[in-house]
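For reference, the structures are reproduced in the following blocks.
Consider the two complexes below, in which subunit A is the common component and subunit B and subunit C are the respective partners.
Our next item is the complex of A and B:
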């Protein structure tokens, strides 16, 4: 695996692990999701540049547009959580406790 | 030149370790700013100057600014930084994990893989990535229209989610 390929792959896996093992704040999970989107943007842009497929460089731009949609939906849910529970700490989201 | 790019790649991994170890959201946003900045550097070194500019403007200047002031919703009296005991454990585990994966997967230096998209190959005045993005307006016009429609739809989704007083899609809000 080339060093460039390894670095954005491990960046994606690190963001995924940070999303999986998030501890206290919902916003930390959303920021890890943004980190995954960053690594995907870098991956698609490097695919364009290293294979010299100039027509493919629209793909990272469209990925950025859709990830903006997803980030805004996540932030709307964060605001809704802060309105009902007063904070975004995950221990307050306990309706399904066992 | 390859040493500079390898330094930027290491800084990308360090920045995402700083985000994934889940400190207080202020510090995680700082880690994302650093990671996006060095990601732009990696893209520039491969010749994609326009895509790097787009990443800086839209991602850092648009989305991360919104996340930074949404961090006010996650305010704490004593925010946990990377030196605090619980966060530092995660940092160590992630660095050890990356080191182990580097031992297994990263074979060597791969001399021929640090390429730059060539400007003067087809006697063109523009770099490859900016002329490729211009294709989004000509042949990819339908995708552009779909993307704009999805963005408008997301605006209404956000308005309905945060409407409040049980008038929106969430009954509790």
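Our next item is the complex of A and C:
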């Protein structure tokens, strides 16, 4: 695979692993989510350039807009967690655990 | 140019200019001198009256009518609006009469309002009202008529609330404006219909084109306008309440000139109504109902001004009946004769009120026959003219109306109501005369009874002469355009007189019974019905606002606060989502890291499988 292809794929996979293997803070999971979104943004932009489909140029912007919404939703949840539990440590989110 | 037309047109414009001149002198920033009201306003009205006699004499001699179109004012897309005065026989006769009555009232007002520091302003308002009224009666297009219409309405508001420190006066003024506004809706609707369908507001064009259209809708609008302005039943409570204003205001506005504006509108636009039976029947029945209802209310009132106000309302109902009979000229004749004796009745009331130190309750008057002979005599003359005593002013118009009623093909109910109302007229007029002038005095001994001021006596005397001879002069000078039916059975011919005499005899009997105890307890319900004005104001003035306010409250509380905000708006969305989230999260355990690790494992295995 081309170096560019390799770079954003590895960025995506590393972000995904960071999201799944996060240890303490919810905020680190959200940051990894942002990294994944960034790599997808680069992937879509490269798609447009490589395949020379100018009609596809709006796709990265759309992705960016939606990822901003999603990031803000995630941050709102973070703030709500901090308000109710006092911290964003994941071991505190255990109300439903039996 | 022919001298007749030159004299006619120029003297009519001169009349209006003479009336406007004192108003222009008030634009001067220097303060007016104390006697401005007498030197400028009263003199201008007197001169305007004398000048307006010129066109009247020319009209009597040669029958000339004129339309004076002065100035192209504006241009709405389909048609033009000009300043245009129509002086036909209605305006040429009405203008001198209105000016004569106003002259007398202004002279009286200079005595009545003598101690008022704002007397100059009072006279200015009266003059402004007079100008608006002259504009109304001489208007040749609906726009100018509307200007005059609104002008008299606003001046009525300002003058009724003259003593604005008094809460009752403010309420009465507001009542007058609101009821007139409801009528104005009808006038505006009629004007809009005319502008849309007949493409003009000029009266001549309206008459010409109306033959092709069904005029029911604008006529209903015009009848609504007349109901509001002329206090017909349904929109009548403002007229008795308007007695809160000073007596000159009641004499000028609410007896002779403003309240006849509605009837005058119908008279002016009568050719539209001639063939429309719905409109004619509406006028007839509405007028008959008004005249009986207000005459019945007048029977038990104790305030002298209110009795005269209800009497005015009753006579306005009679004028409406006459229009419904297709006799606009008789209605106009009644307007002219009514102006004289009604204004005189109000001036006599004002003289009595001031003499008894602002006492308006007839139960506290009495025996004024010897103490105020001139006033009580003129009061009696006015009352006799009102009831239609033969050969006084009221007889010529009222008797002609009753004869026309009896010999027309019309609604029997309207006829009966009008005849009963005529008998009630005699009853309450006699009641006024009895309580005020006869018997023994019931007022305080130290009352400043003084009618020796010429400013009081001369106007009353002038109007008394008018009440006596005006009917004769007007009927002998002008030919009717519709042939009156002259031959009828004797009973019908004497119907008005018989009914009046029956009313008078009944009233005399009742008076003789007052000092013998005929019944132990009085019959309460009819008395209260009459005294409380048929409970009409008590119900309507409370019910309508209550309904509106409770509608507003239920919209704000139940519709907006409880429904939109709580149940269907943002909170409704959130409550729905919370229910669903609670149901779903019961199944989750909360081991997030484990879930995400397994997710990564599954994704890796799937990718490796595809690559191998």
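Throughout what follows, the second predicted complex is superposed on the first by the 95 of 98 C-alpha atoms of A that agree within 3 Å, B and C clash if a C-alpha of one lies under 4 Å from a C-alpha of the other, contacts with A are read in each partner's own complex, and residues count from 1 in each chain.
By our rule, a contact is a pair of C-beta atoms (placed from the backbone, for glycine too) under 8 Å apart; a residue touches a chain by one contact, two chains touch by 3 or more.
All values reported here derive from a predicted model rather than from experimental measurement.
Novice: Is A:11 in contact with subunit B, with subunit C, with both, or with neither (first, second, both, neither)?
Specialist: first
Novice: In the three-chain superposition, say which chain, subunit B or subunit C, touches more residues of subunit A.
Specialist: Counting residues of subunit A touched by each partner, the higher count goes to B.
Novice: Is A:22 touching anything from subunit B or subunit C once the two structures are fitted on A? First, second, both or neither.
Specialist: So A:22 meets both subunit B and subunit C here.
Novice: Give one of first, second, both or neither to describe whether A:49 is in contact with subunit B, with subunit C, with both, or with none.
Specialist: first
Novice: Residues on subunit A in contact with subunit B in one complex and with subunit C in the other?
Specialist: Shared contact residues on subunit A: 17, 21-22.
Novice: With touch defined as at the start, can you tell me which subunit C residues reach subunit A in the complex?
Specialist: Where subunit C meets subunit A, its residues are 585, 588-593, 596-597, 599-600, 603.
Novice: In the complex of these two chains, what residues of subunit B are touching subunit A?
Specialist: It is residues 5-6, 9-10, 12-13, 16-17, 19-25, 28-29, 32, 35-36, 39, 42-43, 46-48, 50-51, 54-55, 58-59, 62-64, 66-67, 70-71, 73-74, 86, 90, 94, 98, 101-102, 105-107, 109-110, 113-118, 128-133, 135-136, 139-140, 143, 147, 150-151, 154-155, 157-158, 161-162, 164, 170, 172-173 of subunit B that touch subunit A.
Novice: Can you tell me which positions in subunit A touch subunit B when the two form their complex?
Specialist: 1-4, 6-8, 10-11, 13-15, 17-18, 21-28, 30-32, 34-35, 38-39, 41-42, 45-46, 48-50, 52-58, 60-62, 64-69, 71-73, 75-80, 82-84, 87-88
Novice: Going by the contact rule at the top, pick out the subunit A residues touching subunit C in the complex.
Specialist: It comes out as residues 16-17, 19-22, 90, 93-98.
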